[in-house]
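I have a structure here, written as structure tokens, and I will follow up with some questions on it.
Chain IDs A, B, C and D follow the sequence of writing; residue 1 opens each chain.
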């Protein structure tokens, strides 16, 4: 098993999603509110995993644009639920140290007086180890 | 047969009704879904044909597990046969359990003609259970032992 | 002692590659009763069968065991072969060493060992077999068709054409079914009513056909050739012999708020109604739930205006009991409910409709008189979006796992008809795949694109959001261009999945016909016996067996009719001789067996019982072998062991158990 | 009616109104909310990775505490509800998570998802009943057109959250009717507000919130209600003049207990 295959396998395991069930209908991409921000679109995520192309996913902007709104999870007619694959890929990246999307020193300038604690907590959890 | 030094190979009798489960077993075969050779199937017209005597006889003759397969409730070819089976076997199995033949050794399962996958999975699982339980020592007729 | 011959089949390499057939032959020779054993590459072949026949004659065999494929495949073949050679066919048993052995095991040693054990069990059974004679039962030369859609009508017409009586039972007030709701049909675009109505008229005029409309099958008993069926004729509240079909009652009826089922609820109808103008019979029914007279007692307008005096508020449901030789199920389909697809806003917006609703809107006799308009404000739409595969091809519990098969074609038809009649209207179709197998089907779809410039986009729609201005914003995706598509539509049409008529479960249970997980009726063989149910005497016609379009339905309807005719042409049927039999010496007439018999095949009579030291008249069980289907329920219920099943006797079963556990 | 109550961090700080109004209303409705003694932050987002354990533990602690008291666990913040409900589902159905969490926490008694997790809105619907609320309302929002904003976290994934129809919910609309208001149905009520992207992707979140507000406004809404502090923040950041309140604020006001709260 090559490293790429191993990583793809790991993503499938972490996500608990079965990309082979995908019938490429695109309902995930049609539902995604951050679609325009993403370089790799939700339905492409599934294909990338099937092709063991984890390297591209790890470099992808899409990891940080997914909002975990679960629209694709709810609507996927094939139970593939691409949102879970996106999150698994994100986990794979943030678990490697130094890959955090959010650095602690950036925080002060991002704050505003109204900002709820929930936002900081959520962003921290999603964006860094 | 030489079972001298091999690991435990259970004897398992499976009664399958002609209309659903036997066809399900055929489907498992034509789909090449394997299960251990320890399972031997006896064809009956309906699961309700299986007299508790047959099951007692199997254990007496050294079977380690007996499984009964019939049509799903509501789908019986004879309308109600599997309901009789369900009731009869509930009684029989609890009695057998009382006599020391553990509940894991007896089982009723509904397998339709379309469920080759289920048939194979059920048999694999059942054989696993029996292997874990080991040889059946209760009810065996000592005169039958070689 | 029996003289048994064992015949081991290689099935080419299907068996021989895994099972050491020579070794099986060698080992079974040592079994009690076996006087002959041989192997051959294809036992079922002409040559194989003649070897069996030869051995029966030369070895004077009294029993035969064939180790081969499943008895469901070739038991009948080998039994016929034995019969031709002068051996009772029920002296033949099959050891299934293919499906239950060679195909599922890899290890030759294990497979061979198992094959030998299976052969032993069969040999042990044959040692106890006795010759059985198949009985005969008579065939009632009349067929019943359940469902009066195009499938049922065509089957009935074909059966009647061969000269047999046939009854159609239809639940709604008129025959015609789904096809009567359609506007045009693909791929020829001829008008549905124009080709269906003549068939409906033909069915009602044919003297061999009896129509029971507004009726339902209530009870079925009996078996192939001799079914007894109770049909409930629901009270129409209108005397069919008096009504002239003038329609005045419907015009004058003051209760007009009931959703019109025929128009899929897009408009309303009166409480006394015929579903559509060409209804057959053209006799209205009173929907008692919505009738003012039945609900409050005060009204009776219809009775007052009826010149023929046909209105009968006192009419009662009537049960008709009839005998049939064969039953055809033609219960058809409906569209799935869309309440679980909130993202498509079907329940939120009247301008999101199903394809069948569009069919009614396009129809000249429909709620809009054939004008394409939005149901919310009756304005003509400018942008129509079609969404495919709504609830089809789903792995989740919201939808169906199968492809509904007809949607790609009817959507192309709708798109084309709209573009043809209203060239200014933009039509967009979101599809996952366009599936057009069928004669002239792909050409038809291509015409929609090439000639009519329908905009096909590969990708599914995520959500339809109704906007404050009344438009519907469709959020889709174009997977080929890889961008999201947002279309401001003013009408959205959903190709909802089709599903078998929900009543079919109840009917299948009455018929003991098997049904799959999607509620489609199961065929006896998916390829080779597609119009028969595994239950003898039950036949399948139309979508109750699987999704189909009209041409396919009509072909299947004809095929089912041929099967029925083949059955009804026989005067007698051979019955299964594997029936229960009571040993009068052991029977004490306790009734335990009769209580569990699902066929009412067991009765009791006083018989003189004679045995050494016994001579008395006793009440004993008697099995009617024409009614007994051989399930064996009684044999287990019998407390004295008097009841036994021929062909599967207690001794035979125990011999098999012993052989396996040896 | 006595419940364990898990407020969550934001409700102790920026979203105090959500919390205090709920408590006052609960009291007025005869519901006792008993705050867990030492709850910890839920983490804000549910860890989707099936091998994540550590990030689920704080929820398990809260759940186990409620179980010990024999009470259902009530939450207010959508995010807390989402996380705790899903972790509870894992504890009930995913053997691996259950084993690992129990081994780590060494609770007096192993926890296996026994606690019932309820959102306060579910308590209002199923335990108190909207009819009862209607009777107790003293200052109804008569004639006020109110849009419910559900967001994502309460509804999805529908199978686990089992809150309402995830694509066409009606719970909050029924709530609005109960307090005398007129619910406004608009299709974006279950679309994402931008969530945590507003920290680094302000434009993205802003445009999404704007779409939601414009749509609600178009359908005639005079205000929106929500159960989520982050949704409220995001929606309020958008340049649309449509007030967004917590549903508990309106409830307290309708029940006539709002002043009390502000008096404190």
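We take it that contacts are C-beta pairs under 8 Å (C-beta built on N, C-alpha and C of every residue); 3 or more make two chains touch, one makes a residue touch a chain.
Keep in mind that this is a model prediction, so the values were computed, not measured.
Would you kindly count the fewest steps from chain B to chain D, each step being a jump to a chain that touches the current one?
Minimum step count, chain B to chain D: 2.
A-D versus C-D: which has more C-beta pairs touching?
Of the two interfaces, C-D and A-D, more C-beta pairs touch across A-D.
Roughly how far is chain A from chain B, centre to centre by C-alpha average, rounded to an integer in Å?
Comparing mean C-alpha positions, chain B is 48 Å from chain A.
Quick one: chain A and chain D, Cα centre-to-centre, how many Å?
Roughly 25 Å, centre to centre.
Please list all residues of chain D that touch 2 or more other chains.
166-167, 191
Can you list every residue of chain C that touches 2 or more other chains, as numbers and ranges?
343, 463
Of all residues in chain B, which are in touch with two or more distinct other chains?
Counting only residues that touch two or more other chains, chain B contributes none.
Can you identify all of the chain pairs that touch?
In this structure, the chains touch in these pairs: A-C, A-D, B-C, C-D.
Within their complex, state which residues of chain D touch chain A.
By the definition above, chain D touches chain A via 8-10, 13-15, 41, 43-52, 55, 77, 79, 152, 155-158, 166-167, 191-192, 194-201, 204, 208, 228-230, 232-233, 236-237.
Applying the document's contact rule, which stretches of chain A touch chain D when the two form their complex?
Chain A reaches chain D through residues 13-16, 33-34, 37, 64-65, 67-71, 73-74, 83-84, 87-88, 91, 101-102, 110, 114-127.
For chain C, which residues are in contact with chain B within the complex?
So the residues of chain C touching chain B come out as 70-72, 96, 98-101, 103-107, 110-111, 113-114, 117-118, 121, 509, 512, 514-517, 522, 534-535, 578, 596, 598, 629-633, 635-637, 645, 648, 650, 653-654, 656-658, 660-662.
Given the complex with chain D, which residues does chain C contribute to the contact?
So the residues of chain C in touch with chain D come to 340-343, 345, 347-348, 463-469.
Give the list of chain C residues in touch with chain A in this complex.
Checking each residue of chain C against chain A gives 343, 389, 393-396, 398-399, 432, 458-463, 475-477, 479, 482, 484-485.
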